[in-house]
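Next, two complexes with subunit A in common: one pairs it with subunit B, the other with subunit C.
And now, the complex of A and B:
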């Protein structure tokens, strides 16, 4: 078969979508857009890295920092959120064995998320709006530096993302709790208690243990989704506050002297923002590891009750941990720095350590296992968090924070290793394991050699980049600064080579996926499904 | 007395060893998971010992640094300590202004407080050596108390930089040779001009 024909039709006929349900298609729509945004974020990262090595002539400071502003937003909301939303909107009805509450809301969610991310990206690209994702007050409303239209565009994009997030949250909980038409009435309250982990907690004090009504991965999805909803409320509130200032400026009633306490704002904003970094990411990842371990091993999870309890603790930890971002703020009370910043943060080492242990033992009990793509990416993901979580714990210490805060250490060794190696490799594992389920087993992988190459380039590139950024940080390189004289060039060139490996890994993966699905197959994902059902998958046909 | 160079050098060594151990552990696991062998899960005693180790490491780090990193105890107690000298630094329109003597002259072992005040945006106050490595930093938040108590034990000349992003105009906020420490027996070899 010629290259063009294979490109169009895919490997062994590519995706055949006739029997795909709307939820299978919507999940794939989320994933495909999420992967494209990942590519955009990787490209932005490379541009910034090159600029750190040798300033690029076409990029000035305002352009550089506008890229830095949208880079994490595209990476987190455009890519990670999208892939997670797609997977969980499919898995929730699939694992609960009931139809999704609303296909329309699910479809609207991906459109809002994708559109919102694109609009927000435009605010940086066209108008150089660059308050960074931290939005430290009063920078987002500093009209001496930023264009008003750019700011409004940015907020409109964020609104799209947040509305998409609220719809996802509503749809997930409604699906878990509602009674589908024609079904016996579902015990909503009992289901909610099981999802939140209250039942699991009460079981510790009961002689006769109650059975869990929802599977463990659903408990993880539910608990992470609570953090997601709370985070969306905080970000939306900040967006509303900023919008009020914009509108005041636009209509000639400047609010520039209106008093907003910058430290209080920072506390509230970090409380909400940390629900992503230290909340839903860790909870979702742990839940995904458990699901993957069970699917790969074909066995029940080891120490399932402990795993449920750890997920509940992680949720409480995520609500009380924000102060580790304010350890260099001298106005922040010491008690918050020590209790929330140091001690509660240390619990993340324990909860994540439990997830690592339970996942590895579950797999170990089923050996020998085949080193499949899902298994190798899962192990890569676990390694990523084993490297990244302690790096964050080290930074969340009063002694270390004084010499590491805002350096490349935290963004490299902690954040990039956690997201690129830990989270992204976990997501790749989930993609590989869900691929046959989402495509009714019609798509065969085009090349295993390319999949292996993708794995090694991504793993080495991700760890290497984090390591070299971390070393630069320990030598004093700041994370939100430009260096014009090549002060940290050795580290930045090495990190750049690793970044190029990551980018190459992504291109190889994308090529492998396009060749597997075929261009026609990928287009078919965005056509309406021929089958009209709210079920995640169609029941298998009965043998005649 | 230990300074940031010593602390970060220790971190570099400890974290590199840790990284090599966990990479080897996952490598060992990946090698053996595809081979047949014992299949039983971990005994509860192993699991709870592992949790105990995590608790000790997670919380022990803070007790360790409290007792070994010199600036932790006096940072926590700085409101009770009477400084030998106070320096006032003002931030406005992406400019750092040192009020009073320049460079800020500090005698070895003196307790000095840097009191920074922002009149518009959120900035950062960072002390850097001539080779770019960091001595210490804090955030400079408008309307908030931003005071850093520090004791220098080595002679040297240090720069001040804003360590927090305050918009594109603040990309290069720096005061070179802003601090001069004298009177110590030892010289900071990265801060000699």
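And now, the complex of A and C:
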């Protein structure tokens, strides 16, 4: 078969979508768009890296910082959120063995998320809006530095993402709790208690333990979705605050003399943001590891009850951990620095350690296991968090924070290793394991050699980039700064080589996926499903 | 629907906190507790609206 024909039709006929349900298609739509945004974020990262080595002539300072502003937004909301949403909107009805509450809401969610991220990206690309991702107050409304229309465009994008997020949270909880038409009445309150972990907590005090109504991964999805909802409330309120100032300026009623306490804003904003960074990622990731370990091993999870309890504790930890972001703020009360910043943060080592231990023991007890793509990417993901979480604990120390705060260590060794190695490799594992379920086993992987190459390039590139950025940070290189005289060029060139490995890994993965699905198959994902059902998958046909 | 209204109220409330809280750890912690409790109430409205749905004797299902 010629290259062009294979590219169009895919490996062994590519994706055949006749029997695909709307939910299978929607999940794949989320994943495909999420992967494209990942590619965009990787390109942005490489452009910034090259600019750090030698300033690029076509990029001025304002453009550089606008890329830096949208880069994490594209990576987190456009890529990670999209892939997680797609997987969980499919897995919730699939694991609950009931139809999703609303296919229309699920479809609207991906459109809002993708559109919102693109609009936000445009604010940086067209208007160079660049108050950086933390949106430190009152920087976002500094009209001397930043374009007003650019700011409004940015907030419109944020609104799209947040509305998409709320639709996702509603759809997830409604699917768990509702009674489908013609079904026996579902115990909504009991299901809610089980999802949130209250039943598990009460079981500690009961002589006769009650059975859990929802499977463990659903408990993880439910608890992570609570953090996601809380985060969306905080980000929406920050967006609204900024918008009020924008609209005041636009209509000639400047609010520049009104006052919002910058430290209070920073506390509330970081409280909300950390619900993703520390809470949601660890809860969702732990739940995903448990599900992957069960699917890969074909066995029940080791220490199920402890795992449920750890998920509940992780939720409480995620609500109280934010102050490690404000350790170097002179005005931040010491009690918050010590209790929330140091003590609660250190506790993450325990909750994450429990998740690592349970996952690894579950896999160990099922050996010998074939080193499949899903298993090796899962192990890569675990390794990523085993490196990034201790790095976070190190910097959440009042002494070390004086040295490391605002340096490349934070963003390299901690953030990029957590997201690129820990989270992204876990998501790749989920993609590999869900691929046959989402495509009714019609798609065969084009090349295992390319999958192996993708794995090693991503793993070495991700860890290497984080390590060299961390070394630069230890030597004093700040984040969010441009060095014009090549002060840190050795580290930046080495980090750049690792970044190029990451980008090459993604291109190889994308090529492998396109060749597996075929261009026709990928287009078919975005055509309406021939089968009209709210079920996640069609029931298998009975043998006559 | 009620969930949406509850979420909008919580966003407005958080916005109010930005303008009203000044240099108080207690007020900050109370604001955070309010948002958490408020969101649990919002999620509980989904359980409440789901409670009345369905009928006895239908198809059994769920996990």
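Note that in this section the second predicted complex is superposed on the first by the 544 of 544 C-alpha atoms of A that agree within 3 Å, B and C clash if a C-alpha of one lies under 4 Å from a C-alpha of the other, contacts with A are read in each partner's own complex, and residues count from 1 in each chain.
Everything below uses one rule, namely that a contact is a pair of C-beta atoms (placed from the backbone, for glycine too) under 8 Å apart; a residue touches a chain by one contact, two chains touch by 3 or more.
Please read these numbers as outputs of a predicted model, since none were measured by experiment.
*Asks:* Does the superposition put A:452 against subunit B (first), subunit C (second), both, or neither?
*Replies:* A:452 sits against neither subunit B nor subunit C.
*Asks:* Quick one: is A:261 in contact with subunit B, with subunit C, with both, or with neither? Answer first, second, both or neither.
*Replies:* Both partners, subunit B and subunit C.
*Asks:* Who does A:533 touch here: subunit B (first), subunit C (second), both, or neither?
*Replies:* neither
*Asks:* If you stack the two complexes on chain A, which partner ends up touching A:98: first (subunit B), second (subunit C), both, or neither?
*Replies:* second
*Asks:* May I ask you to name which of subunit B and subunit C touches more residues of subunit A?
*Replies:* B
*Asks:* Mind working out whether A:142 is in touch with subunit B, subunit C, both or neither, as first, second, both or neither?
*Replies:* first
*Asks:* Is A:365 touching anything from subunit B or subunit C once the two structures are fitted on A? First, second, both or neither.
*Replies:* first
*Asks:* If you stack the two complexes on chain A, which partner ends up touching A:467: first (subunit B), second (subunit C), both, or neither?
*Replies:* first
*Asks:* In the superposed arrangement, does A:490 touch subunit B (first), subunit C (second), both or neither?
*Replies:* neither
*Asks:* Starting from the residues of subunit A touching subunit B, keep only those that also touch subunit C in the other complex, and list them.
*Replies:* Comparing the two interfaces on subunit A, one with subunit B and one with subunit C, the shared residues are 261, 263.
*Asks:* So in the complex, which bits of subunit C are touching subunit A?
*Replies:* Touch residues, subunit C against subunit A: 3-4, 7, 10-12, 14-15, 17-19, 21-23, 25, 28, 31-32, 35-36, 39-40, 42-44, 46-48, 50-51, 53-63.
*Asks:* Hey, which residues of subunit B end up touching subunit A in the complex?
*Replies:* Subunit B reaches subunit A through residues 4, 7-8, 11-12, 15, 18-19, 22-23, 25-26, 29-30, 32-37, 39-42, 47, 50-51, 54-55, 57-59, 61-62, 65-66, 68-69, 71-72, 75-76, 120-122, 124, 126, 128-129, 131-139, 141-148, 161, 163-169, 171-172.
*Asks:* Flag every residue of subunit A that touches subunit C in the complex, lowest number first.
*Replies:* 95-98, 166, 170, 173-174, 177-186, 188-189, 191-192, 196, 213-215, 218, 226, 229-230, 232-234, 236-237, 240-241, 260-261, 263-265, 267-268, 271, 319, 333, 335-336
*Asks:* Looking at the complex, which residues from subunit A come into contact with subunit B?
*Replies:* Residues in contact with subunit B: 60-62, 64-65, 128, 130-132, 134, 136-139, 142, 144-146, 259, 261-263, 266, 302-303, 306, 326, 328-331, 334, 338, 342-343, 346-347, 349-350, 353-354, 357, 360-371, 375-376, 379, 382-383, 386-387, 390-391, 393-394, 397-400, 402-407, 413, 463, 467, 470-471, 474-478, 480-482, 484, 487-488.
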